Structures are given as structure tokens and as C-alpha cells.
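Each of the next two complexes has chain A plus one more chain, namely chain B in the first and chain C in the second.
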Partner chain A sequence: MQGDVKRLSLILLFAPFALWIVLLIILPHLGMVYLSLREKVAPRVYEFGFGNYIDFIQEPIYWNTLLRTGSMSILVTVLALLIGFPIAYYIAKIAGRRSRGALFLLCLIPLWVSDLIRAFGWILLLRETGVISTSLQTMGLISEPVEFLYNDATVIVGLVYTVILFMIVPLVSTLDGMDDAMVEAGYNLGGSGPTVLRRIIIPYAMPGIVAGCIVVFMLTAGSYLTPILLGGKNSSWFTEQIYDQFITRFNWESGAAFGFLLLAFTSLVVWAGLRLTGQNLANTVAKN
Partner chain B sequence: MKQKNYIVGLAVTAALSTASVAQAETLRLLTWGSYAPEELIQKFEEEYPDIDVEVTFSNNEEMIAKLRATGGAGFDLAQPSHDRIYAAQLEYDIYKPLDLSKIDTSVMESTHLEGVKANTTIDGEVYAVPHQWGTSGLMKNKAMAADFNGWDDLCDSQYAGKTSMRLKRTILLGTAFAMGHDPFAAYSDLDKYQDILDEVSEKLIACKSNIKAYWQGGDDLSAMMLSGEIVASETWDSTAYKLYAQNPDIVFVPPETGALAWIDTFALPAKGKADDAAYKWINFVLRPENVTIMSGSTGAIAAVNGGLDLLPEDKKNAVNAAFTPADIANLKFFANIPPGVEDMEGKALEKIKAATGG
Partner chain C sequence: MNDAVEHDLECTGLSKHFGSVRAVDDVSFRIPKGSFFSILGPSGCGKTTLMRMIAGFENPSDGDIHIKGRSVLNIPPNKRNVKMVFQHLALFPMMNVFENIAYGLRCAGTPKSEIPQKVNDVLERIALPDVGNREIHQLSGGQKQRIAIARCMVLDPDVLLLDEPLGALDLKLREAMKIELKLLQHQFNTTFIYITHDQSEALVMSDNVAVMNEGRFEQVGKPEELYHKPATSFVAGFVGDSNRWAGKVEEISDGVAKVATEAGLSMLCKPQAGVVTGAPVSIFVRPEFIGAQRASEAGPPDANSNALAGKVDSVLFNGANSRILVRGPSAELIEADVVVTGGTSDLRPGDAVQLNWAPEQAMCYAR
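== the complex of A and B ==
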């Protein structure tokens, strides 16, 4: 009897999650697999085949864009980690108990505004007639208006700004659990600042670092608005290619194939990253 | 007892709500931003109190994508451009034929009506009638780019870093005309069209260093133009007319080779559920007093008799500042896009975007 109750409650608790995964993730993806394996031969006539994937391999523009998107996403992830780690450490370890909540909230506030508005914020600041260019001119630092918008550096800045929170949150929660005594012990045993950081703090924070990096990398590689709005003449982003295939060229088949290639590529990068750093999901993210 | 009352209450509510659903019809419009001004919707709902109007704003590509996803369901009236109906209907079967007897076609300007009918007739059935027309061309700030006249001037080095364009098919076609080709004539011979596209891509890649940025929508184009960050651009005429109201130096320029003209139409999605309401809306917005309100919002000219005179005063001035009768005679109407061309153009655009020319 009790076993039945237990099983029932397990099923009930598990049902929403299972429905979500099956209906919103697995089923649509199966549909996409099917779509990506159809080749269009004539209007309303399709054949089964790998043509859409072969097209991708044969066209350097496509895989160059994918590699570009991947490498820029890795750069964004690294920058987010470098900038996010000190912030997270300050919030978790140095800030007083009371200011901690306030600081955390300050980090969260930008997330209450939509991506689009945040991108427009950057546009207002960085454009040729924007806030930064005009104030530099009034201060006499530059004589001509300067365009900060429409280049890759702007895209990276915008992306780091958008995703850094997803780096800070897991880092804070991991660092929060670290006993201060461990750091003290490190110093007492004669370790210098960098040694303590390298031998004690970073290994302890590893689960948070890995979780943060994975989330940030995935979000960056899959982002659409920021690279489109801030990017310049040459800055293609792979999600833009997918959008173009689906919407402008009505080529859902190759759009679906591109979607899968992006998924496979990002998964591969995450896997390679875990291997290179000698981590695995079980003792980092799952532990977190 | 309490339980029973509750159930009765539920049943009554359910009955009432189905009754009200049956009474009020919903007209779901799939149209362009500004093609359904609030003022007109209110007026329409006052005249037909049993119809609720719901509007979804979109563009040509998304209209087709949305209707394709549902096989033509979810909307009762769509407004794609005249050249985007034939192939979409052949490929995806997303529209249903119009019953022309329910539309007051006598008010429509006959050349536009006949043109659209000819473009959208499949197996003897007509799928669209014209609503508003306008052009794609160029705009310039007269004070800063006085000699700017043709598509290829976008690539003129005297305006280096001060011009813009949208990386879509319009600029491919415009540049082809500027290079002395007739891309629409080449639609019938796709090998020849590919040659033209290759030539155009080469030109536009070389031109990249001259362009400040590719604009994405009317808002960023307006901001760049009004701030003086750019002095000339490829544009929709309506955007140029709006800017003319704010700065009379900014005028629409019909390119020397002819502005490219589009006609936005009325078409019924295949699984629309409120055809009668859709016909009522079509006839309603074609009435002269409503045409003026509509054109005031869209900035485009209604395809009705005397459509130019029905423009609001400021728009009429902007059009007159831009077009001479010779320019009107020189308009190049977008030709039906045959299947396959979108893919070819898409590849050319990708090539241009990916090239690291500038």
C-alpha cells in the first residue's frame, strides 16, 4: 500500500517534467530530424536523403560562419569567466552579510529588461552620434565622431554583458559553500595569494565554473538579437543563417539541418572542453 | 445542494460563453506594421459590432512562413506583395481563390487591378487584388549628397562610409538594373539570371567598404539618416516620406533606372474562417475617406482611382517632391518570383554578407 502511494507521488512529481521534455523538446526535435533529411526536388515533391548536410559541408560560407560563431562564443565565455569570477568571489566571500543580497540583486536587475531593450541601450551609447562619442568630443579627447558600433568587438561586449549573470550565479552559489577556514589554512601554511587561488579556491569552485561556462557558451552560440543588432557588415552569426534558411529562403529542410549542426557542434565543444580540463558532468554540474 | 448549484452555474456560464462566441466573429488580419491603424479598426468595429479585429504584424517572408506552418490556418486575411503569391501558392497551397463578386473592384485603379490579377491567377482562379502600392528606391540628404541619383551611387567613393542598404533582394535587383541588365526578363532563363547575380554580387562585395552598415528595419535606417551618420541609402519610399516630414532636405530619389514598384494585396488564407468579415474589411478600407486614413498610416498610395489625391497633405507633398510623371512612367514593377529564384538570391546575399571586403 505504502509502496503504491510512493510510486504514485513519484509519477505525479515526475509527470510535468516528463511531459515538458517529451512534448516540447523531444517531439519537435524528431520532427526536425525528419525535416532535415528531406531533399526538395520540385514544388511539393520531396525525397529522403542527406543532401542538406552535404550542402553544408560543400559550402565554405556555412562552416566558416559556424566556426566563427563557435570561436567568438568561446571568447565570450572566457571573458565572462574572467570578469565574473572576481565579482562572484566578492559577493560570496568579501561582502558583508547584508550587502550580499543587495549586490546579488544588482546583478539580477538587467535581466528584468528584455534582450532587445538591452541591445538598443548599447546602440544608443555606442553609435557615431551616441552618448560615448559625443561626450568624448565635448571633453576634447577626439575631434571627429567615432563609430563604436557595427564591429565584432561590440558584439563581444554586448554578449558578455547579456550572459555574465549566468556565470555569476553558479559561481556565487559554489563559493558560498566554501569554508573560509580553508583559505585561512592555505595562508597559514605559507601559501601566497596566487597559490591559494590556484590550489584551493579554483579547485573548490570548479563545479560552478564548469556549470557557468556551459550555460554561457550555449546561450552565446544560440543568441540571435545581440549579434544581429550590434554586428557590422561582415559579422555573420550562425543563428542568422538558420533564420535566413527558414524565413527568407523558405528552405525549412536545410534550416532544420543547420539547427542540428549547431546543436552537434556546441555539444562537441562542451565535451571537448570537459575532456581538456579533465572534468566530467557527474562530478561538476551534477554535484552543484 | 451547494455542489449542484455550482454545477448548474458552470453549465450556464459555458452556455453563455459559447453563445457569445457564436455571435462575435473575429477577423484575424496578417498584415504589415501600420497597415491596420487603430482609428480604422475602431471605425470598422463600430460599423460591424459583431466583428472583432485582431491584427498580427509581419512581412512578406514571415507571412509565407506562418501560413506554411499551419497550411493556411490561423488568419482570415493576409496582405502579401503581388510578386510573392504565385510561387508560394504553387509550393505550399496556403491561399484560397477570391470571390471577386464580393469585392467592389470598380473603385480599384484598373492597371494595378489587372496587373495583380494577371500575376496571381492560377488555373483560372484569382488569388489576390491590390490594396496599396509604393516603391523601393533611394533617399538622399540634399544638403549633403546633391548629385546622388542612381543605385550605383551607393558605391561612389565620394560618399564612403556614409551610405547604407538593406541586404535583401531589392538591392540585388536595383544593382542589376544599374549595371544595364533586366533581371525580371532573366527570370525565364535562370542560367542567365545566375550570371547576372554573380556579376551583381561581385559589385556589391567591392562596394562593402563604402557602406557604413546594412540596415535591418525602418527604425535604424531613420536614426542613421536623421542623425546625419549617413547621407544616402537604399530605402522604402514610405520611410523616406516620414523623414521628409521631419527634415525637408531628406527626399526620396527614384533611381535613374527606375524605382522598383510593389503592390501589397489582399489574399485569403486557405483555412481562414471569416471570409465574409474579410470581404467587409476589404471593401471598408477601399472607401475614399478610409483610404486617406490608411495612407496616412502606411505612407503608401492606395491602388484605387485617384489614390494619389487621397493621400494626406504631407505625404502628397513628399511624393510630389520625389516623383515626376516621367519617374512614374519609368516604374519597374516586381515580376513574379519563379520557384528557385529565392534560393539563388539567398546564396548571393550570403556570399556578400560573408565576404570580408570592407
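== the complex of A and C ==
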């Protein structure tokens, strides 16, 4: 009797999760794979084949876009780590107990505004007639309006801004668990500042770094709004290609193939990153 | 100059203020080479601050610290040859035992080829020769303790600081580690400074103990001096167990003070410096100096000694350290050590007893 109740409650608890995984993740992906393996040979006539993938390989603009998206996402991840680590360290180790909560909240505030509005905020600042251009003109530093939008630097800045929080949160939680005495021991045993950082703080924070990097990289590579709005036509983000295939060209087969390729590519990058840093996914998740 | 070499550590007029709080207040002491020195005090007495100043994690507000005769005030913590065993040890969990010990050697720039030899030597000396490849979480509490010490000792420090490292261990292990620490200190022949709030740790291990209270040293001396000749009432109350009475001196003659306690008893005791007739005093008597006899067997009270009649309230059996609580004439509980043999002559709750102790065992301090 008791066993039955236990089992029932387990099933009930587990059901939403199972439904979510099956309906929203596994099924759509199976559908995508199925769709991507259909070749259009005539209107409404399809054959099984790898044509969509072969198209991708044969058209440099496609895989160049994918590589570009990948490398820019890695750059965004690295920048988010470089900027986020000191912030996280300050919040977790240096700030006082009371200011810690306030600082954390400040980091969260941008999340209250939607992605779209935030991107428009950037546009207001950076466009030709925007705040920065106008004020630089008033100060006499530039003679005519400058367009800050629609270049790679802007896209990267916008992306870093959007995702940095997802780097800070896991870093704060791992660094928070580090005993201050650990750092002091590092100094006490003769380590200089850089040595302590390299040999003690970073290895200790590694699970948080890996978790943050995976999340940030995945979010960046899969983001759509920020690159389109801030990068315009030049952004050539891979998600834009997928959108094009599905919506503009109405070529679902090719779009599905691209979507699947993005997933495979990002997974490969994450796997390579884990291998390079000698971490594994299980210990990253378990330590957090 | 010769004098400076004899002392590994010397602090003069050392103070640390946090705002208006004087965490450490004008502390001066010298620690002879190769000795085991303990700083004993209740939590919040400033002992950790004192240790952190020696290690270089805090800057003193005033005073100077000399290590091997050289002032270290302007030397950052990573350049001081003072190593520290932290309260929770702070072993690096992402490194194995070997790497934990090698960390300091690498920082010091020891040639790569010598590191394994040195690490193995020190592991040998702490009697854990084969644990180099273990991860920290695979070690027992006592092993971690020894690794934390080895990690410091491999660097051959002038002074080793230990910040209550036994606090986290269970009682049995703590007892064993006390002896082990003392042996390790002998073996390495390095000056150990041990911080603790546990008097038995300090008394058992140390060559010299400083009792610290409210930022100041109350007394520095050998363990037996602290126990038998406490300099202040704080030391008398903090080191060892005591029965305690408050009273007023009625007269002093022949080095014996007659005190009337607040509860109305009259006692003879040995006045310490600063005790004058009419002064309010505290009296401390250790339980082992109080003899208990059945009232029926006791002779008439000796006029030159202290005697109190009472009733046994309870017997606290603890093997050789057994003790009785006696309810005295003014209803307070008095502790006295007794021998419990398990025979019929043992005292039992409810027995009428007479307590006796000599005036010289009753220490009397001005309040």
C-alpha cells in the first residue's frame, strides 16, 4: 500500500518532466531529423537521402556562416568569462554580506526587461542619430554622425551584455562555496597573487566556469534577436539562415538539416571544450 | 644580537584595533627556539587576530613582530617564513596529497627534480608514506591533519602557526592527535604556536602557555604554573575546574586571609598580590584539593583549615576523574574529587559529608 503511494507520487512528480522531454525535445528533434533526411525530387515528391546535408557542405556561405557563428560565440563566451569572473569574485568573496544580495539583484535587473526591448535600448544608444553619436558631436570629438550599429563589435557587445548573467550566477555559487582560508593558505604557503589565482581559485571554480561557459555558448550560438537587430544584414548569424530556410524559402527540409547541424556543431564544441579542460559534464552539474 | 637568534618569534607592544574595538591590546612576548607555545583564551579574546598578524593577513595598528630577529611588518604573507595550519585545514580539494605538499615547494622555486624526494621525505616523517596519490576526500580526519602539517613543514618554516586545528575532530581522535602533535613538534624541532580555547589541549602539549583575555595576555608560563599559581582571577577561573566563592577580606595575618563569603561562610585562604583587608575578593579552590569524608568518620574541624558540612547531591562517575557534588550550608553546590572504587564505602547521594581543604589551596584574588 505504502509502496503504491510512493510509486504513484513518483510517477506524478516525474510526469511533467517526462512530458516535457518527450513532447518538446525528443519528438521535435526526431521530426527534424526525419524532415532533414527527405529530398525534394519534384513538387510534393520526396525521397530519403542526405541531399540537404550535401547542399550545406557544397555551399561555402552556409558552413562559413556556421563557423562564423561558432567562433563569434566562443569569443562572446571568453569575453563573458573574463568580465564575469571578477564580478562574480567580488560578489562572492569581497562584498560584505549585505551588499552581496543587492549586487546580485542588480545583476538580475536586466532580465526583467525582454530581450527585444534591451536590443532596442542598444539601438537607441548606438544608431547614427543615437545618444552616443550625438553627444560625441556635441563634445566636438567627431564632425558628423557615426553609425555604431551593424558591425561585429556591436553584435559581440550586445551578446555579452545579454548572456553575462548566465556566467555570473554559476560562478558566484561555486566561488561562494570556497573557504576564504583556501586563498589565505595559498598565500601562506608562498604563492604570489597570480599563482594563487592560477593554481587555487581557478581550479576550484572550474565546475562553475565550465557550467557558465556551456550555458553562455549555447545561448549565444542559438540567439536570434540580438545579432539580427544589432548586426543587421551583415550579422550572418546561423540562426538567421535557419529562419530563412523555414520562413522565407519555405524549405523545411533544408531548415531542419541546418537546425540539426547547429545542434551537432554546438554539441561538438562543448564536448571539445570539456575535453580540453579535462572536465566532465557530470562533475560540473553535481558540484553545483 | 645573540639574544635575537635564541628567539624565533618576538612581538613587542602589538595592538590591533577594529574601529573602537581593541582586538589585541599591547601584547608582548618572546618564544624560545624550538618550543611549543600555546595561546589559550575564550572565543573572541583576540587570539585569532594575533595569529593572523603574525602570518601577515592583518596589519598591526601598533607594535612590531620579529621573526628570527628581523622585523616582518613590511613583508607580505607569501614572503614570510611562517606557515599556518588553518582551523578547517584548507587543504586544496582539487589537488591530490602530493600536489598539496608540492604546491609550496613549487612556489618557492624548488628545482623540479628535488620535489618528489622532499615530498616523500615529509610523508615518511608523518608516517603516511603511501598516500601521495590519494585525493583529499579519501583521507580520514587525522590523516588530513597530518597532511596539513606536512604541507607546511616541507617548507622548513621558522614558526608554524596552528589555529585550533583539532576543533573539528571527534573526542577520541582529538586525544590521540594531541599526543601526536607534541611528538611531531619534537621531531621537526620547529617552533609551534598553537591557538586554542581548549585548556586541556594547551596544558598537555605546550612548553609555555599564554592565557589571553580581552586582547591582553593575562599570564604567560609553564602549564603547571598556570594551574597551580594563576596570576589573576581570570586565569584561575579559566584554566582547570574550580569552585568559586565571592567574599570580603576580614583580616590578613601570617599570609592567611580570613574571608567572609557573600553566602555567610568564613574561609581561610592564601591572598594573592593586591588583596587587602576589606577588599572584595574571589576565592578559587580546585576540586582535587577538597577532601570529602563521611560526617560520622570526620574528626572535629581544624581551626587552621577550612571545613564545611554538607550533603552529597550527586555522584558524577567518570573513572579515575570521578567527582561528587555536595550541597553546602548555604545551598550552593561544591565539587570535590573522590575515588569511586565500586565498594560499599563509596559515597552515595544523600550521605552527610565533611569537606576539608588547606588555606594554601584556596586562592584569593582581588575583584
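Here is the rule we use: the second predicted complex is superposed on the first by the 280 of 288 C-alpha atoms of A that agree within 3 Å, B and C clash if a C-alpha of one lies under 4 Å from a C-alpha of the other, contacts with A are read in each partner's own complex, and residues count from 1 in each chain.
Assume a residue touches a chain if its C-beta (ideal position, glycine included) is under 8 Å from a C-beta of that chain, and two chains touch if they have at least 3 such contacts.
Note that the coordinates shown come from a computational prediction; the quantities given were computed from them, not determined experimentally.
*Asks:* Could you check whether chain B and chain C clash or fit when both are placed on chain A?
*Replies:* Fit.
*Asks:* Examine A:Asn188 and indicate which partner it touches, taking first as chain B and second as chain C; both and neither are also allowed.
*Replies:* The answer is second: A:Asn188 touches chain C but not chain B.
*Asks:* A:Tyr204 contacts which: chain B (first), chain C (second), both, neither?
*Replies:* In the superposed model, A:Tyr204 contacts chain C only, not chain B.
*Asks:* Using C-alpha centres only, what angle sits at chain A with arms pointing to chain B and chain C? Round to the nearest 10 degrees.
*Replies:* After superposition on chain A, the angle is 150 degrees.
*Asks:* Based on the superposed arrangement, let me know which partner A:Tyr150 touches: chain B (first), chain C (second), both, or neither?
*Replies:* The answer is first: A:Tyr150 touches chain B but not chain C.
*Asks:* Check whether A:Arg44 is in contact with chain B, with chain C, with both or with neither, and answer first, second, both or neither.
*Replies:* After superposition on chain A, A:Arg44 lies in contact with chain B alone.
*Asks:* Now for A:Phe14: first (chain B), second (chain C), both, or neither, which partner does it touch?
*Replies:* After superposition on chain A, A:Phe14 lies in contact with neither partner.
*Asks:* Count the residues of chain A touched by chain B and by chain C, then name the partner with the higher count.
*Replies:* In the superposed model, B touches more residues of chain A.
*Asks:* When the two structures are overlaid on chain A, which partner does A:Gly232 contact: first (chain B), second (chain C), both, or neither?
*Replies:* Touch status of A:Gly232: first partner only.
*Asks:* Could you grab the smallest C-alpha gap between chain B and chain C in the overlay, to the nearest Å?
*Replies:* 46
*Asks:* Which parts of chain A are in contact with chain B and also with chain C?
*Replies:* Touching chain B in the first complex and chain C in the second, no residue of chain A appears in both lists.
*Asks:* Write out the stretch or stretches of chain A touching chain C in their complex.
*Replies:* 179, 181-182, 184-192, 195, 199-200, 203-204, 206
*Asks:* Using the touch definition up top, name the residues of chain C that touch chain A in the complex.
*Replies:* The contact residues of chain C facing chain A are 55, 57, 76-79, 82-84, 86-88, 90, 92-95, 103-104, 107-108, 151-152, 155.
*Asks:* Tell me, which parts of chain A touch chain B in their complex?
*Replies:* Within the complex, chain A contacts chain B at residues 43-44, 61, 64-65, 123, 127-129, 147, 149-150, 228-229, 232-234, 236, 241, 244-252.
*Asks:* Quick one: which bits of chain B touch chain A in the complex? Just the residue numbers, please.
*Replies:* Per the stated touch rule, the residues are 61-62, 64-65, 68, 87-88, 90-93, 168, 208, 211-214, 216, 220, 223, 227-229, 339, 342-343, 346, 349-351, 353-356, 358.
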